[in-house]
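As structure tokens, the structure follows; a few thoughts come after it.
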């Protein structure tokens, strides 16, 4: 996992983006983090800094966080120019301070993307992700409307591939890391998850069309296949998903054109 | 019609257009460089090849228009996507460390702009004959090449542009396959190796031509055309 | 005025109660459903599934969560799985067996009828989730896989790698988003419920704070559903998310909802031990690890040798020794207490001796490292990230931690609290797990309540309340409640003392863990009942909350929640003190027999529900007797 591993407390210098509220002007501010244990998580280090700030009557650094075990997707910040910091496949809450060395300077910034406006300090608004899901990231099945769980066999490879994509936690690191600010990996992960399962087939093409359209309406950038998203993704979702999304989108566009023709002829 | 507009409006639609036009242009570039290498077989072969191309008449124009359309679509889509990407991140990071993106991928836009300028100058030089006005010959492509690449500045410009082309092709070739969604999931994808092969091959083949001419490996042909080297004696290129 | 705890359990044979009840319940005509407005607080498994299912039926639904998206509710962190009596493995499972295991696992402190219904519905849940596209683990033949879990001798747990809670929640979240897109649900993320509006004795709305702007507002409706999770964070350190809180249920309690069995807390045996004072939460390692991991400590006290230097003969595989038939898969309360016992004897491992080994050496030898990695790879990685130790080479160190609260607001068979119109779902209610919850049953209960119980019982309530007048925003009860919320927040902001909220919360947690944790004793509980009010006083005199109420203010949010924990903690200790028996997660040192918990069915076979009687006054205990007509009240044995 890298880092010092020595167990000795460290002294660090933090440069943190502070912004009082939505639309307010922000700036980087510098704080000393002293006596940091290498066994602390990154957020626990920020907790300690915040305790000091509150004790001095200064406003603590606001950041989103909740489960602190790497699954809720709440936390996320750019740490030294990397989404979620230097450890691969690790959310900010699971990043531990042994990744750093005594005397390090650490730059901490919020996710930067127009569709993720800053609310305060390191807190951003990721509602755009919910709206992308609303556009079609589901199977339209009402409660009570299900057949037996084993009625439709799902090949293990398909179930596994679906699970790989479904592991997305919606943290936004893919957008933050992408030079284009693209949400392609997030959108593609859901399209891929449901597209691999028989239950997802009836709406497969409609889903691709609608989710991609919503993604664009939110003003995320396009995909240039830099691969940064895949590298930043704490759940290691592959950009193979993006290929799949593109394919589904193209097929869906063609099919929709055909459907219109049929409808027009009839 | 509405569908095409919707397709074009989407970021994926534009990427697909870029991929398709990109693949077309890659095919053209491979054909183009293969033909150009005939320059090392001497004036006669090269000029016969040039004449052959011109001889197909309507087909040549169809190809030219097709390529022009591809270029226009490719550049328009690239421009619009670049604008969208810039708008998606209005405020940048104080510190940012790219992890895996290749230099090729991060320079697609700059390289693309250079190539756009290059294409213009290249056409102006060898198709329209605007620069070596005095010596330019519609019928003697070989001599035009010999004149052009005797000038070290042109050679330098071509060499730099071909490096850019190589990088542009490398990322473009493999990303096209991805954008079109035809790539199969793999840790060591074949399309990446093919892209490397295309990029290196095209770059090498293109870049040895100006160097070869400048270094004198491909020599001006004997005969009346050698006068081309003497600007004063040259007839007007076009009536 | 003592409240009436009428559980409204339908008559008839156990297996027919739910069917009979569903037939007898009144229905709301489809055209009328859209006239009713329902507020769902919380967007976890119970809340999201309820909101989506009610919206599908046609009700107007508002859903609230304090997170930035409903997808982040803490159900997402459940790792291991979800139980269902499918008997796909042909290993002897049945609805009756799941019912029996759950009742027994809960140490005979749950209502038979509720638990039976839960077992019945469990099979529908799996079907529903599969239909939603939840990527459950599958066999090569395409059928669903099962694993075994603590407290059961059949394999009935369905799972999606180590992320079952995440996948089930995303299924419910997607169903919710589908309804939001249709406009049938209005979602209020980053919105926290701060009080319940009761008009004419019925729950008619909530007061909420927009956590971004700080705006305080009242939302009125025909019914209110609380699906706000458990209160484990009263201990400060727990496996709960940092934001998990008791504010919604606590403030509803103060408005008249009885709080049942507050002392029943589940201490999970397999968590990563604390590493320092700065520790902000504890991380669970899925119980599924106990399928292949063996739990042991050195036989000798103070043995500081590295684990691989201790030969087998000098290891005590204490769960296998004490409980040979269940072994490492003993229920959570038993496994936790056994760990505490060996640590108390001085045989614990790791810093401070607060840990036991969970060793995969034998599993790796038996099935190979690859297979172990396939089963638990992500958990092993998480362990290594946190501890910097490689569990493939060095045994994991684990220690119990607060994980789940079986107690919660009292509800009847219809999930309605003692306030008409206030329904409570999932972990927030007390209903199905008795004094101890079995692994993989929380997800089952949350989804059962949301998908398959509330859509029926809410309709019955609304149909029977057809004459209910619409509530106006200017009635005195509404205005008073909102004013009280504003005053409460202003008070918190105005103290401007010296101590941070976290420091007081941490101190409360320590008192709760020491006195009301894995082992409880009369003297300890009495001392806690002295120190908690003192700490509460210290909080209201000396806490500091920076910033204002009209912005995103995480300190203010934490302060409000901590203020409620400071009251709830006291009630938990009071309940623990009154329950002079040991049952499930509630272990009274005075009541044991040969080291095992000793229940007292003659005196305590009831649900202890507490009624709020006013600030500074002792709460009143009301009892709902538990009748066991279908199972024999036995001493739990896992030997």
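Order of writing sets the labels: A, B and C. Residues in every chain begin at 1.
Please note the rule applied: a contact is a pair of C-beta atoms (placed from the backbone, for glycine too) under 8 Å apart; a residue touches a chain by one contact, two chains touch by 3 or more.
Only a predicted model underlies this, so the values are computations on that prediction, with no experimental measurement involved.
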{"item": "Most contacted chain pair (by C-beta pair count)", "value": "A-C"}
{"item": "Innermost chain, where centres are averages of C-alpha coordinates", "value": "A"}
{"item": "Where chain A and chain B are represented by their mean Cα positions, the distance between them in whole Å", "value": "38"}
{"item": "Separation of chain A from chain C, taking each centre as the mean of its C-alpha atoms, in whole Å", "value": "27"}
{"item": "Chain centre separation in whole Å, for chain C relative to chain B (CA means)", "value": "65"}
{"item": "Residue ranges of chain A in contact with chain C within the complex", "value": "1, 5, 20-22, 37, 39-41, 43-45, 47-48, 51, 54-55, 57-60, 62, 64-74, 87, 89-90, 94-96, 98, 119-120, 123, 125-127, 129-130, 133-135, 137-150, 152-156, 159-160, 162-163, 166-167, 169-170, 193-194, 196-197, 199-200"}
{"item": "Complex interface listing, chain A residues touching chain B", "value": "15, 17, 28, 78, 80-82, 107, 109, 112-115, 177, 179-182, 184, 212-213, 215-216, 219-228, 230-232, 238-240, 242-250, 253, 256-257, 260"}
{"item": "Complex interface listing, chain B residues touching chain A", "value": "2-3, 6-7, 9-16, 81, 84-85, 87-102, 105-106, 108, 171, 174-175, 178-183, 185"}
{"item": "Sites on chain C touched by chain A in the complex", "value": "49, 52-53, 56, 67-74, 76-77, 86, 88, 124, 126-133, 135-144, 158, 160-161, 163, 165-167, 170, 173-175, 177-178, 180-181, 187, 189, 212, 239, 241-243, 275-276, 278-281, 283-284, 381-382, 384-386, 388, 451-452, 455, 498, 500, 502-503, 544, 546-547, 551-552, 554-555"}
